[in-house]
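Data block below; observations after.
Order as written gives the chain letters A, B and C; numbering starts at 1 within each chain.
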Amino acid sequence: MDVETRLEKLGLVLPEPMQLPPGVELPFAWVRVRGNRAYVSGHGPLNPDGSLCGPFGKVGTEVSSEVSPEEGYEAARGCALSVLASLKRELGDLDRVTAWLVVHGLVNAASDLGGSAGVVNGFSDLILALYGPEAGTHARTAPGVATLPLNHAVFVAAEVKIAA
Amino acid sequence: MDVETRLEKLGLVLPEPMQLPPGVELPFAWVRVRGNRAYVSGHGPLNPDGSLCGPFGKVGTEVSSEVSPEEGYEAARGCALSVLASLKRELGDLDRVTAWLVVHGLVNAASDLGGSAGVVNGFSDLILALYGPEAGTHARTAPGVATLPLNHAVFVAAEVKIAA
Amino acid sequence: MDVETRLEKLGLVLPEPMQLPPGVELPFAWVRVRGNRAYVSGHGPLNPDGSLCGPFGKVGTEVSSEVSPEEGYEAARGCALSVLASLKRELGDLDRVTAWLVVHGLVNAASDLGGSAGVVNGFSDLILALYGPEAGTHARTAPGVATLPLNHAVFVAAEVKIAA
């Protein structure tokens, strides 16, 4: 397995550390490691330079929704890149992730969004493409929530198993 | 402990694997096992043949709510059967679950539902009846969420300890 | 480390066990321990005698919101005291918590609340003040949810590492 080579082949770039908007404080860690587990905080998508890239607002199919389910899928894929960037900074090497365990996809959902699972597939599909079925498979929750930090459209948290 | 005998005595039947509605993809596992832990994805209730049985829509007491809290309680009980069916397929024997650790009940909530905990009790009560207080006790969260995949009324995820 | 001395210096008091409102049942544990992990259920703030203290209702900046973000921050701080009280009852000594791993802050959010992370900081800031950066740092999720049990404004769950 060489996750970073696969990322490169897909033309994907991991973003720099998140640039915090003014007044925002983060009294927590993006990744918390103990023993053979890494706990990953909720991440939204970022531009390559670490600035917030959106999309922002509610995902749905109503006229009033700011984000379509297709854009939500892309946002969830962006969350995967943010999560991988944090894991690389913490672990040094993405191949140290030996098994994805559980993924919590949170979708900022308009009232009609019965398809939050399809949105979070943007995260799961990329992790499976990068890690393969043995290491990449994971349990998952994918509820639609009322709001998300910074008005993000999608946020993803996770727990993974790591090698020493 | 013999969980399957107890299920039978209660007249309960574990459903077949979920029949996916057209266009729905599941790039994740219902149960993910590593070491002595099994991580269980969010499950909704199913008919014995694995088809979706609902209830669908929002749980609450408002006139506009599609599902009453009592129906929500029954749905959460149905989620327990779906979760147990997945665990049995993955582990072979439900007695391999030696301790329930944490349960995440997610209720598709109308704005007036302050009683989401009572809804999720449908899950907890059945698990305790089947596993007893020593193995069945668990920590729990039970928020009301904005939407759920496939417009389910209740979804439950969990983490359990398993024997080799 | 001596967490209880620090609590005392800050003038903070851990609440008595929660007094259940009539008709409310809790078929789950506030804290579930297995091996070197303690799983902590969702906790709201309590008065010192264990009665519910609120705040109740939705956190936001709209005129119709019942709870301001600043009051939400204080409520999250109160959740930390409830969680610590449950951990002390289960573990005997708060210094047995050797590492906070992941915190799930759930905010009963009005539709305009993009700042749920700031609300949950009330929990994280206190845990860091009490445990210091080495043991107190944690991964975190902080979504706004549609409703919470008992109409609480803020609820916090967690997973921590414990010493034997």
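Operating definition for what follows: a residue touches a chain if its C-beta (ideal position, glycine included) is under 8 Å from a C-beta of that chain, and two chains touch if they have at least 3 such contacts.
Model, not experiment: these values are computed from the prediction.
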Interface sides of subunit A and subunit B: same vs different residues, half threshold: different
Degree value of the rotation bringing subunit A onto subunit C, based on Cα positions, nearest 5: 120
Rounded Å distance between subunit A and subunit B, as computed from the means of their C-alpha atoms: 25
Of all residues in subunit A, the ones touching two or more other chains: 145-146, 159
Subunit C to subunit B touching residues, read off their complex: 24-32, 34, 37, 39-42, 104, 106, 145-151, 155, 157, 159
In the complex with subunit B, residue positions of subunit A that touch it: 99-103, 107, 109-118, 121, 124-125, 128, 137-146, 159, 161
